[in-house]
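Each of the next two complexes has chain A plus one more chain, namely chain B in the first and chain C in the second.
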Partner chain A sequence: MTERKTLTFALMDAPYESARTTTALRLIDIATKRGYAVNVFAYEGAVMLPFNRQQPHPNAVHGRNVEEENHLLTKDVVAALMKAAERNGGKLDWVNCGLCVDERGAGEAIEGVRRGSPADFWKLAEASDNTLVIGTR
Partner chain B sequence: MKALNIIECAYRATIEEQDDTIVWLTHAMKAAGADLGLVLRGDAVNYAVRAQNAAGLAFGDWRQTQPPRLADDIALLVTKGVAVYVLAEDLVLRGLDAADLVPGLERVTRESLPGIFAAHDQIWHW
Partner chain C sequence: MARYLLIESRYSFGASEADFCRDLARRLATADNRVTLFLVQNGVLPARAGAHGPGFADLVRVGVEILADDFSLRERGISSDRLQPSVKPSALDVVIDRLADGAKAIWH
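Up next is the complex of A and B:
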(Lines of atoms letter the chains of each structure in order from A and count residues from 1; the text may use other names and numbers.)
(Lines give C-alpha, C1' and ligand atoms only; values in the text may rest on other atoms or scores of the structure.)
Protein backbone atom coordinates (compact mmCIF):
# COMPACT_ATOMS: atom_id res chain seq x y z
CA MET A 1 0.00 0.00 0.00
CA THR A 2 1.29 3.44 -0.94
CA GLU A 3 2.20 5.58 2.01
CA ARG A 4 0.00 8.67 2.22
CA LYS A 5 2.38 11.48 2.87
CA THR A 6 1.60 14.98 4.02
CA LEU A 7 3.32 17.77 2.13
CA THR A 8 3.21 21.50 2.64
CA PHE A 9 3.94 24.03 -0.07
CA ALA A 10 4.56 27.71 0.57
CA LEU A 11 3.89 29.73 -2.57
CA MET A 12 4.67 33.39 -2.96
CA ASP A 13 4.39 34.45 -6.61
CA ALA A 14 1.31 36.12 -8.03
CA PRO A 15 -0.44 34.45 -10.96
CA TYR A 16 0.66 35.34 -14.48
CA GLU A 17 4.07 36.56 -13.31
CA SER A 18 6.33 33.54 -13.12
CA ALA A 19 6.74 29.97 -14.29
CA ARG A 20 7.54 28.94 -10.72
CA THR A 21 3.84 28.88 -9.87
CA THR A 22 3.07 26.58 -12.79
CA THR A 23 5.80 24.24 -11.60
CA ALA A 24 4.46 24.34 -8.05
CA LEU A 25 0.94 23.55 -9.25
CA ARG A 26 2.30 20.63 -11.29
CA LEU A 27 4.03 19.25 -8.20
CA ILE A 28 0.81 19.62 -6.23
CA ASP A 29 -1.01 17.83 -9.05
CA ILE A 30 1.33 14.84 -8.72
CA ALA A 31 0.88 14.80 -4.95
CA THR A 32 -2.91 14.87 -5.23
CA LYS A 33 -2.79 12.03 -7.79
CA ARG A 34 -0.95 9.98 -5.17
CA GLY A 35 -3.62 10.73 -2.59
CA TYR A 36 -1.29 12.76 -0.41
CA ALA A 37 -2.52 15.30 2.07
CA VAL A 38 -1.35 18.57 0.59
CA ASN A 39 -1.26 21.89 2.37
CA VAL A 40 -0.63 25.17 0.64
CA PHE A 41 0.26 28.33 2.46
CA ALA A 42 -0.25 31.12 -0.07
CA TYR A 43 1.79 34.11 0.92
CA GLU A 44 1.98 37.62 -0.61
CA GLY A 45 0.98 37.61 -4.31
CA ALA A 46 0.09 33.91 -4.26
CA VAL A 47 -3.15 34.72 -2.43
CA MET A 48 -4.42 35.87 -5.84
CA LEU A 49 -4.15 32.33 -7.24
CA PRO A 50 -7.63 31.28 -6.00
CA PHE A 51 -9.18 34.76 -6.38
CA ASN A 52 -12.76 34.12 -7.45
CA ARG A 53 -13.19 37.20 -9.64
CA GLN A 54 -10.68 36.05 -12.23
CA GLN A 55 -12.37 36.12 -15.63
CA PRO A 56 -11.55 34.42 -18.94
CA HIS A 57 -11.14 36.67 -21.94
CA PRO A 58 -11.11 36.41 -25.73
CA ASN A 59 -7.80 36.99 -27.47
CA ALA A 60 -7.87 39.00 -30.67
CA VAL A 61 -4.15 38.45 -31.24
CA HIS A 62 -4.73 34.70 -31.23
CA GLY A 63 -7.93 35.14 -33.26
CA ARG A 64 -9.96 33.23 -30.69
CA ASN A 65 -13.18 34.02 -28.82
CA VAL A 66 -13.48 33.51 -25.09
CA GLU A 67 -14.52 29.85 -25.39
CA GLU A 68 -11.86 28.97 -27.93
CA GLU A 69 -9.13 30.73 -25.98
CA ASN A 70 -10.09 28.79 -22.84
CA HIS A 71 -7.68 30.94 -20.89
CA LEU A 72 -5.98 29.35 -17.93
CA LEU A 73 -7.46 30.76 -14.74
CA THR A 74 -5.51 29.80 -11.66
CA LYS A 75 -8.70 29.75 -9.57
CA ASP A 76 -9.96 26.92 -11.83
CA VAL A 77 -6.67 25.08 -11.43
CA VAL A 78 -6.86 25.33 -7.65
CA ALA A 79 -10.47 24.10 -7.73
CA ALA A 80 -9.52 21.18 -10.01
CA LEU A 81 -6.67 20.23 -7.70
CA MET A 82 -8.97 20.30 -4.66
CA LYS A 83 -11.43 18.04 -6.47
CA ALA A 84 -8.70 15.64 -7.63
CA ALA A 85 -7.25 15.46 -4.12
CA GLU A 86 -10.63 14.49 -2.68
CA ARG A 87 -11.29 11.94 -5.43
CA ASN A 88 -7.93 10.28 -4.81
CA GLY A 89 -8.45 9.98 -1.08
CA GLY A 90 -6.29 12.91 -0.09
CA LYS A 91 -7.02 16.55 0.53
CA LEU A 92 -5.81 19.95 -0.48
CA ASP A 93 -5.96 22.45 2.35
CA TRP A 94 -5.34 25.88 0.85
CA VAL A 95 -4.59 28.60 3.37
CA ASN A 96 -4.36 32.20 2.22
CA CYS A 97 -2.29 34.55 4.39
CA GLY A 98 -4.98 36.84 5.81
CA LEU A 99 -2.96 40.04 5.93
CA CYS A 100 -1.74 39.47 2.36
CA VAL A 101 -5.39 39.08 1.35
CA ASP A 102 -6.36 42.28 3.11
CA GLU A 103 -3.66 44.43 1.54
CA ARG A 104 -4.70 43.20 -1.90
CA GLY A 105 -8.46 43.24 -1.41
CA ALA A 106 -8.42 39.58 -2.41
CA GLY A 107 -11.02 38.29 0.04
CA GLU A 108 -13.24 36.70 -2.59
CA ALA A 109 -11.55 33.34 -2.93
CA ILE A 110 -13.08 30.16 -4.34
CA GLU A 111 -14.85 27.76 -2.01
CA GLY A 112 -12.53 25.67 0.11
CA VAL A 113 -9.87 28.31 0.56
CA ARG A 114 -9.41 29.40 4.15
CA ARG A 115 -7.82 32.39 5.76
CA GLY A 116 -4.82 31.89 7.99
CA SER A 117 -1.59 33.30 9.29
CA PRO A 118 2.11 32.40 9.49
CA ALA A 119 1.19 30.46 12.63
CA ASP A 120 -0.91 28.17 10.45
CA PHE A 121 2.02 27.72 8.11
CA TRP A 122 4.15 26.67 11.06
CA LYS A 123 1.53 24.18 12.24
CA LEU A 124 1.08 22.76 8.74
CA ALA A 125 4.84 22.41 8.27
CA GLU A 126 5.24 20.74 11.67
CA ALA A 127 2.59 18.19 10.79
CA SER A 128 4.08 17.44 7.37
CA ASP A 129 6.64 14.97 6.09
CA ASN A 130 8.28 17.85 4.30
CA THR A 131 7.78 21.43 3.19
CA LEU A 132 8.72 23.01 -0.09
CA VAL A 133 9.08 26.78 -0.17
CA ILE A 134 8.81 28.40 -3.58
CA GLY A 135 9.62 32.02 -2.92
CA THR A 136 9.62 35.03 -5.19
CA ARG A 137 12.89 35.70 -7.01
CA MET B 1 7.85 56.73 -34.53
CA LYS B 2 9.70 53.43 -34.64
CA ALA B 3 10.23 51.43 -31.44
CA LEU B 4 12.27 48.34 -30.70
CA ASN B 5 11.13 45.76 -28.16
CA ILE B 6 13.91 43.72 -26.61
CA ILE B 7 12.94 40.48 -24.90
CA GLU B 8 15.53 38.88 -22.69
CA CYS B 9 13.47 37.49 -19.80
CA ALA B 10 12.07 34.34 -21.39
CA TYR B 11 9.26 31.93 -20.48
CA ARG B 12 8.01 34.16 -17.69
CA ALA B 13 4.52 32.78 -17.02
CA THR B 14 4.06 31.81 -20.67
CA ILE B 15 2.14 28.69 -19.68
CA GLU B 16 -0.38 30.66 -17.64
CA GLU B 17 -0.64 33.48 -20.15
CA GLN B 18 -0.74 31.05 -23.10
CA ASP B 19 1.73 33.32 -24.86
CA ASP B 20 4.60 35.68 -24.04
CA THR B 21 3.25 39.00 -22.82
CA ILE B 22 5.71 41.13 -24.79
CA VAL B 23 5.32 39.14 -27.99
CA TRP B 24 1.58 39.55 -27.47
CA LEU B 25 1.99 43.27 -26.85
CA THR B 26 4.00 43.58 -30.06
CA HIS B 27 1.20 41.85 -32.01
CA ALA B 28 -1.47 44.03 -30.43
CA MET B 29 0.44 47.28 -30.99
CA LYS B 30 1.28 46.31 -34.57
CA ALA B 31 -2.42 45.72 -35.18
CA ALA B 32 -3.02 49.23 -33.83
CA GLY B 33 -0.61 50.68 -36.39
CA ALA B 34 2.64 50.74 -34.44
CA ASP B 35 5.96 50.50 -36.24
CA LEU B 36 7.90 47.99 -34.19
CA GLY B 37 10.93 45.78 -34.28
CA LEU B 38 11.74 42.96 -31.91
CA VAL B 39 15.04 41.65 -30.57
CA LEU B 40 15.25 38.20 -29.00
CA ARG B 41 18.31 37.82 -26.83
CA GLY B 42 19.47 35.64 -23.96
CA ASP B 43 17.13 32.74 -23.24
CA ALA B 44 14.46 34.44 -25.37
CA VAL B 45 16.23 33.31 -28.56
CA ASN B 46 14.58 29.97 -27.81
CA TYR B 47 11.20 31.53 -28.63
CA ALA B 48 12.10 31.08 -32.30
CA VAL B 49 12.78 27.35 -32.03
CA ARG B 50 10.25 25.47 -34.15
CA ALA B 51 10.38 22.14 -32.29
CA GLN B 52 9.21 23.41 -28.90
CA ASN B 53 5.91 22.05 -27.68
CA ALA B 54 4.21 23.08 -24.45
CA ALA B 55 1.06 21.00 -24.99
CA GLY B 56 -0.38 18.54 -22.52
CA LEU B 57 -0.68 20.49 -19.30
CA ALA B 58 -3.38 19.17 -16.98
CA PHE B 59 -4.34 19.69 -13.36
CA GLY B 60 -6.85 17.17 -12.10
CA ASP B 61 -9.71 17.27 -14.61
CA TRP B 62 -8.63 20.60 -16.04
CA ARG B 63 -6.86 20.43 -19.41
CA GLN B 64 -5.07 23.25 -21.15
CA THR B 65 -6.39 23.34 -24.71
CA GLN B 66 -4.47 26.38 -25.92
CA PRO B 67 -0.87 26.08 -24.80
CA PRO B 68 1.58 28.82 -25.77
CA ARG B 69 2.82 28.51 -29.35
CA LEU B 70 5.74 30.87 -29.14
CA ALA B 71 7.49 29.95 -32.37
CA ASP B 72 4.22 30.38 -34.28
CA ASP B 73 3.69 33.76 -32.61
CA ILE B 74 7.19 34.86 -33.65
CA ALA B 75 6.70 33.60 -37.22
CA LEU B 76 3.40 35.46 -37.41
CA LEU B 77 5.08 38.70 -36.36
CA VAL B 78 7.45 38.32 -39.30
CA THR B 79 4.54 37.87 -41.71
CA LYS B 80 2.98 41.03 -40.27
CA GLY B 81 6.07 43.00 -41.18
CA VAL B 82 7.80 43.16 -37.81
CA ALA B 83 11.57 42.81 -38.11
CA VAL B 84 12.58 40.12 -35.64
CA TYR B 85 16.25 40.04 -34.74
CA VAL B 86 17.93 37.16 -32.91
CA LEU B 87 21.30 37.44 -31.27
CA ALA B 88 23.73 35.14 -33.05
CA GLU B 89 26.01 34.73 -30.04
CA ASP B 90 23.10 33.66 -27.83
CA LEU B 91 22.04 31.09 -30.43
CA VAL B 92 25.55 29.66 -30.58
CA LEU B 93 25.76 29.44 -26.78
CA ARG B 94 22.61 27.32 -26.82
CA GLY B 95 23.68 25.11 -29.74
CA LEU B 96 20.98 26.48 -32.03
CA ASP B 97 21.40 27.13 -35.72
CA ALA B 98 19.22 28.54 -38.49
CA ALA B 99 17.59 25.17 -39.26
CA ASP B 100 16.14 25.08 -35.74
CA LEU B 101 14.36 28.41 -36.11
CA VAL B 102 11.24 29.72 -37.78
CA PRO B 103 12.02 31.44 -41.09
CA GLY B 104 12.30 35.15 -41.72
CA LEU B 105 14.42 36.14 -38.73
CA GLU B 106 17.40 38.43 -38.92
CA ARG B 107 20.40 36.91 -37.21
CA VAL B 108 22.49 39.75 -35.80
CA THR B 109 25.65 40.05 -33.75
CA ARG B 110 26.06 42.02 -30.54
CA GLU B 111 28.32 44.37 -32.44
CA SER B 112 25.52 45.30 -34.80
CA LEU B 113 23.06 46.17 -32.04
CA PRO B 114 24.00 49.86 -31.70
CA GLY B 115 23.24 50.32 -35.39
CA ILE B 116 19.85 48.65 -34.95
CA PHE B 117 19.14 50.80 -31.90
CA ALA B 118 20.07 53.92 -33.86
CA ALA B 119 17.50 53.01 -36.51
CA HIS B 120 14.73 53.22 -33.89
CA ASP B 121 13.37 56.25 -32.02
CA GLN B 122 12.74 54.37 -28.79
CA ILE B 123 14.23 51.23 -27.28
CA TRP B 124 12.09 49.23 -24.87
CA HIS B 125 14.10 46.65 -22.98
CA TRP B 126 11.63 44.40 -21.15
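Up next is the complex of A and C:
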Protein backbone atom coordinates (compact mmCIF):
# COMPACT_ATOMS: atom_id res chain seq x y z
CA MET A 1 0.00 0.00 0.00
CA THR A 2 1.32 3.42 -0.95
CA GLU A 3 2.24 5.66 1.96
CA ARG A 4 -0.05 8.64 2.06
CA LYS A 5 1.94 11.77 1.47
CA THR A 6 0.88 15.39 1.57
CA LEU A 7 1.98 17.65 -1.27
CA THR A 8 1.24 21.32 -1.79
CA PHE A 9 1.26 23.13 -5.10
CA ALA A 10 1.12 26.87 -5.67
CA LEU A 11 -0.31 27.83 -9.06
CA MET A 12 -0.40 31.29 -10.58
CA ASP A 13 -1.41 30.96 -14.22
CA ALA A 14 -4.89 31.74 -15.53
CA PRO A 15 -6.62 29.00 -17.53
CA TYR A 16 -5.98 28.61 -21.28
CA GLU A 17 -2.83 30.75 -21.27
CA SER A 18 0.14 28.52 -20.48
CA ALA A 19 1.36 24.95 -20.80
CA ARG A 20 2.25 25.27 -17.11
CA THR A 21 -1.44 24.81 -16.26
CA THR A 22 -1.57 21.53 -18.17
CA THR A 23 1.56 20.27 -16.45
CA ALA A 24 0.32 21.39 -13.03
CA LEU A 25 -3.00 19.59 -13.49
CA ARG A 26 -1.15 16.48 -14.69
CA LEU A 27 0.98 16.53 -11.55
CA ILE A 28 -2.08 16.91 -9.33
CA ASP A 29 -3.75 14.08 -11.24
CA ILE A 30 -0.83 11.72 -10.52
CA ALA A 31 -0.80 12.65 -6.84
CA THR A 32 -4.56 12.21 -6.43
CA LYS A 33 -4.43 8.82 -8.16
CA ARG A 34 -1.95 7.74 -5.49
CA GLY A 35 -4.35 8.77 -2.76
CA TYR A 36 -2.12 11.57 -1.56
CA ALA A 37 -3.42 14.55 0.30
CA VAL A 38 -2.99 17.37 -2.18
CA ASN A 39 -3.22 21.05 -1.38
CA VAL A 40 -3.46 23.70 -4.06
CA PHE A 41 -3.01 27.36 -3.33
CA ALA A 42 -4.28 29.26 -6.37
CA TYR A 43 -2.85 32.73 -6.64
CA GLU A 44 -3.42 35.52 -9.15
CA GLY A 45 -5.00 34.25 -12.39
CA ALA A 46 -5.08 30.65 -11.18
CA VAL A 47 -8.14 31.48 -9.07
CA MET A 48 -10.08 31.33 -12.37
CA LEU A 49 -9.30 27.63 -12.82
CA PRO A 50 -12.32 26.49 -10.72
CA PHE A 51 -14.57 29.46 -11.71
CA ASN A 52 -18.07 28.03 -11.92
CA ARG A 53 -19.35 30.29 -14.71
CA GLN A 54 -16.99 28.90 -17.32
CA GLN A 55 -19.05 27.90 -20.37
CA PRO A 56 -18.38 25.52 -23.23
CA HIS A 57 -18.69 27.13 -26.63
CA PRO A 58 -19.09 26.17 -30.30
CA ASN A 59 -16.28 26.78 -32.78
CA ALA A 60 -17.62 28.53 -35.87
CA VAL A 61 -14.21 28.48 -37.58
CA HIS A 62 -14.19 24.69 -37.52
CA GLY A 63 -17.96 24.37 -38.03
CA ARG A 64 -18.51 22.58 -34.73
CA ASN A 65 -21.42 23.00 -32.35
CA VAL A 66 -21.00 22.94 -28.58
CA GLU A 67 -21.20 19.16 -28.34
CA GLU A 68 -18.81 18.54 -31.22
CA GLU A 69 -16.32 21.07 -29.91
CA ASN A 70 -16.41 19.38 -26.48
CA HIS A 71 -14.43 22.26 -25.04
CA LEU A 72 -12.40 21.39 -21.95
CA LEU A 73 -13.31 23.50 -18.95
CA THR A 74 -10.77 23.73 -16.16
CA LYS A 75 -13.55 23.90 -13.56
CA ASP A 76 -14.57 20.39 -14.68
CA VAL A 77 -10.98 19.20 -14.43
CA VAL A 78 -10.67 20.54 -10.89
CA ALA A 79 -13.99 18.91 -9.92
CA ALA A 80 -12.84 15.60 -11.44
CA LEU A 81 -9.55 15.79 -9.56
CA MET A 82 -11.42 16.37 -6.29
CA LYS A 83 -13.58 13.32 -6.95
CA ALA A 84 -10.56 11.21 -7.92
CA ALA A 85 -8.75 12.20 -4.76
CA GLU A 86 -11.73 11.18 -2.63
CA ARG A 87 -12.19 7.93 -4.57
CA ASN A 88 -8.55 7.02 -3.96
CA GLY A 89 -8.63 7.76 -0.26
CA GLY A 90 -6.96 11.14 -0.46
CA LYS A 91 -8.16 14.70 -0.59
CA LEU A 92 -7.72 17.73 -2.80
CA ASP A 93 -7.94 20.91 -0.76
CA TRP A 94 -8.17 23.82 -3.21
CA VAL A 95 -7.64 27.26 -1.69
CA ASN A 96 -8.21 30.36 -3.79
CA CYS A 97 -6.44 33.55 -2.76
CA GLY A 98 -9.30 35.76 -1.56
CA LEU A 99 -7.92 39.09 -2.74
CA CYS A 100 -7.12 37.60 -6.15
CA VAL A 101 -10.72 36.35 -6.32
CA ASP A 102 -12.13 39.76 -5.44
CA GLU A 103 -9.97 41.56 -7.98
CA ARG A 104 -11.23 39.25 -10.72
CA GLY A 105 -14.86 38.86 -9.63
CA ALA A 106 -14.19 35.14 -9.43
CA GLY A 107 -16.17 34.39 -6.28
CA GLU A 108 -18.42 31.80 -7.89
CA ALA A 109 -16.13 28.80 -7.65
CA ILE A 110 -17.19 25.17 -7.86
CA GLU A 111 -18.16 23.34 -4.68
CA GLY A 112 -15.21 22.34 -2.54
CA VAL A 113 -13.07 25.37 -3.28
CA ARG A 114 -12.37 27.54 -0.28
CA ARG A 115 -11.10 31.06 0.16
CA GLY A 116 -7.81 31.82 1.87
CA SER A 117 -4.76 34.01 1.97
CA PRO A 118 -1.01 33.60 1.47
CA ALA A 119 -0.87 32.79 5.18
CA ASP A 120 -2.86 29.65 4.40
CA PHE A 121 -0.29 28.73 1.77
CA TRP A 122 2.38 28.95 4.45
CA LYS A 123 0.36 26.72 6.78
CA LEU A 124 -0.29 24.19 4.03
CA ALA A 125 3.38 24.10 3.07
CA GLU A 126 4.42 23.72 6.70
CA ALA A 127 2.13 20.72 7.10
CA SER A 128 3.22 19.05 3.85
CA ASP A 129 5.93 16.59 2.92
CA ASN A 130 6.87 18.89 0.07
CA THR A 131 5.78 21.97 -1.86
CA LEU A 132 6.18 22.98 -5.48
CA VAL A 133 5.67 26.57 -6.56
CA ILE A 134 4.89 26.94 -10.25
CA GLY A 135 5.34 30.63 -10.91
CA THR A 136 4.39 32.56 -14.01
CA ARG A 137 7.96 33.66 -14.82
CA MET B 1 23.79 14.33 0.57
CA ALA B 2 20.78 16.51 -0.20
CA ARG B 3 18.44 15.69 -3.09
CA TYR B 4 17.38 18.31 -5.58
CA LEU B 5 14.79 18.31 -8.34
CA LEU B 6 15.19 21.07 -10.89
CA ILE B 7 12.31 21.33 -13.36
CA GLU B 8 13.17 23.19 -16.55
CA SER B 9 10.15 24.22 -18.62
CA ARG B 10 11.80 26.82 -20.84
CA TYR B 11 13.88 26.91 -23.93
CA SER B 12 14.83 30.29 -25.23
CA PHE B 13 17.34 29.37 -27.91
CA GLY B 14 20.49 30.09 -26.00
CA ALA B 15 19.26 33.01 -23.92
CA SER B 16 20.93 33.14 -20.54
CA GLU B 17 17.75 32.44 -18.55
CA ALA B 18 17.58 28.96 -20.05
CA ASP B 19 20.98 28.24 -18.47
CA PHE B 20 19.68 28.83 -14.95
CA CYS B 21 18.87 25.20 -14.22
CA ARG B 22 21.94 23.91 -16.06
CA ASP B 23 24.27 26.08 -14.01
CA LEU B 24 22.49 25.37 -10.75
CA ALA B 25 22.43 21.62 -11.44
CA ARG B 26 26.16 21.59 -12.18
CA ARG B 27 27.03 23.51 -9.02
CA LEU B 28 24.79 21.39 -6.80
CA ALA B 29 26.12 18.13 -8.22
CA THR B 30 29.71 19.30 -7.94
CA ALA B 31 29.01 20.01 -4.26
CA ASP B 32 28.09 16.32 -3.81
CA ASN B 33 24.33 16.66 -3.93
CA ARG B 34 22.04 14.27 -5.79
CA VAL B 35 20.43 16.23 -8.61
CA THR B 36 17.72 15.42 -11.13
CA LEU B 37 17.11 17.86 -13.98
CA PHE B 38 13.63 17.20 -15.30
CA LEU B 39 12.83 18.74 -18.70
CA VAL B 40 9.20 19.52 -19.44
CA GLN B 41 7.18 21.54 -21.98
CA ASN B 42 9.56 23.52 -24.23
CA GLY B 43 12.34 22.55 -21.86
CA VAL B 44 12.61 19.24 -23.76
CA LEU B 45 13.64 20.93 -27.02
CA PRO B 46 17.37 21.13 -26.29
CA ALA B 47 17.33 17.40 -25.52
CA ARG B 48 17.06 16.61 -29.24
CA ALA B 49 20.13 15.05 -30.80
CA GLY B 50 21.77 17.77 -32.81
CA ALA B 51 19.97 20.63 -31.08
CA HIS B 52 21.91 23.87 -30.98
CA GLY B 53 23.43 24.41 -27.55
CA PRO B 54 25.85 22.94 -25.05
CA GLY B 55 23.99 19.65 -24.58
CA PHE B 56 23.84 17.73 -21.32
CA ALA B 57 26.85 15.42 -21.40
CA ASP B 58 28.83 17.73 -19.11
CA LEU B 59 26.07 17.57 -16.49
CA VAL B 60 25.90 13.78 -16.65
CA ARG B 61 29.66 13.66 -16.10
CA VAL B 62 29.24 15.41 -12.75
CA GLY B 63 26.40 13.08 -11.78
CA VAL B 64 23.24 14.94 -12.78
CA GLU B 65 20.35 12.74 -13.88
CA ILE B 66 18.65 14.24 -16.96
CA LEU B 67 15.06 13.21 -17.66
CA ALA B 68 12.63 14.47 -20.30
CA ASP B 69 8.85 14.33 -19.90
CA ASP B 70 7.56 11.74 -22.38
CA PHE B 71 4.26 13.63 -22.87
CA SER B 72 6.09 16.85 -23.77
CA LEU B 73 8.28 14.87 -26.19
CA ARG B 74 5.23 13.32 -27.88
CA GLU B 75 3.50 16.72 -28.13
CA ARG B 76 6.52 18.01 -30.03
CA GLY B 77 7.00 14.95 -32.24
CA ILE B 78 10.32 14.01 -30.66
CA SER B 79 10.77 10.25 -30.49
CA SER B 80 12.99 8.75 -27.80
CA ASP B 81 15.53 7.60 -30.41
CA ARG B 82 16.06 11.25 -31.39
CA LEU B 83 17.27 12.27 -27.93
CA GLN B 84 20.81 12.95 -26.88
CA PRO B 85 22.23 9.83 -25.18
CA SER B 86 22.57 11.72 -21.91
CA VAL B 87 18.80 12.35 -21.72
CA LYS B 88 16.30 9.66 -20.79
CA PRO B 89 12.56 9.87 -21.49
CA SER B 90 10.48 9.67 -18.34
CA ALA B 91 6.92 9.77 -17.09
CA LEU B 92 5.90 12.86 -15.15
CA ASP B 93 5.36 10.53 -12.19
CA VAL B 94 9.04 10.92 -11.39
CA VAL B 95 8.36 14.49 -10.28
CA ILE B 96 5.78 13.26 -7.79
CA ASP B 97 8.16 10.48 -6.69
CA ARG B 98 10.90 13.00 -5.97
CA LEU B 99 8.54 15.41 -4.22
CA ALA B 100 7.18 12.60 -2.07
CA ASP B 101 10.75 11.60 -1.20
CA GLY B 102 11.44 15.11 0.04
CA ALA B 103 13.72 16.42 -2.69
CA LYS B 104 14.14 20.16 -2.73
CA ALA B 105 12.29 21.24 -5.85
CA ILE B 106 12.54 24.30 -8.04
CA TRP B 107 10.34 25.03 -11.06
CA HIS B 108 11.87 27.20 -13.74
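In this section, the second predicted complex is superposed on the first by the 137 of 137 C-alpha atoms of A that agree within 3 Å, B and C clash if a C-alpha of one lies under 4 Å from a C-alpha of the other, contacts with A are read in each partner's own complex, and residues count from 1 in each chain.
Throughout what follows, a contact is a pair of C-beta atoms (placed from the backbone, for glycine too) under 8 Å apart; a residue touches a chain by one contact, two chains touch by 3 or more.
For clarity, every value in this text was computed on a predicted model and none was experimentally measured.
Trainee: Superpose on chain A as described above, then tell me if chain B and chain C fit or clash.
Mentor: These partners fit in the superposed model.
Trainee: Now for A:Glu68: first (chain B), second (chain C), both, or neither, which partner does it touch?
Mentor: In the superposition, A:Glu68 contacts chain B only.
Trainee: Does chain B (first) or chain C (second) touch A:Lys5, or do both, or does neither?
Mentor: second
Trainee: Which angle, to the nearest 10 degrees, do you get at the Cα centre of chain A between the Cα centres of chain B and chain C?
Mentor: Once the structures are overlaid on A, chain A sees chain B and chain C at 60 degrees.
Trainee: Where does A:Gly135 make contact in the superposed view: on chain B (first), on chain C (second), on both, or on neither?
Mentor: The answer is second: A:Gly135 touches chain C but not chain B.
Trainee: Scan A:Asp76 for contacts with chain B and chain C and give back first, second, both or neither.
Mentor: A:Asp76 sits against chain B, while chain C stays out of touch.
Trainee: Look at A:Ala60 in the shared chain and tell me whether it touches chain B only, chain C only, both, or neither; answer first, second, both or neither.
Mentor: first
Trainee: Which partner, chain B or chain C, is in contact with more residues of chain A?
Mentor: B
Trainee: Which partner does A:Leu27 reach: the first (chain B), the second (chain C), both, or neither?
Mentor: second
Trainee: Report for A:Ala19: first if it touches chain B alone, second if chain C alone, otherwise both or neither.
Mentor: Touch partners of A:Ala19: chain B and chain C.
Trainee: Just to confirm the value: shortest Cα separation between chain B and chain C in the superposed three-chain model, in whole Å.
Mentor: 5
Trainee: So which positions on chain A get touched by both chain B and chain C?
Mentor: Residues common to the chain A contacts of chain C and of chain B are 19, 26, listed in rising order.
Trainee: Using the touch rule from the top, collect the residues of chain C that touch chain A in their complex.
Mentor: It is residues 7, 9, 40-42, 69, 71, 92-93, 95-96, 99-100, 102-103, 105, 107 of chain C that touch chain A.
Trainee: Please name which positions on chain B make contact with chain A in the complex.
Mentor: So the residues of chain B touching chain A come out as 11-19, 24, 27-28, 31, 57-62, 64-66.
Trainee: For chain A, which residues are in contact with chain C within the complex?
Mentor: Residues in contact with chain C: 3, 5, 7, 19-20, 23, 26-27, 30-31, 34, 36, 129-135.
Trainee: Enumerate the contact residues on chain A facing chain B in the complex.
Mentor: 15-19, 21-22, 25-26, 29, 32, 59-62, 64, 68-72, 74, 76-77, 80-81, 83-85, 87
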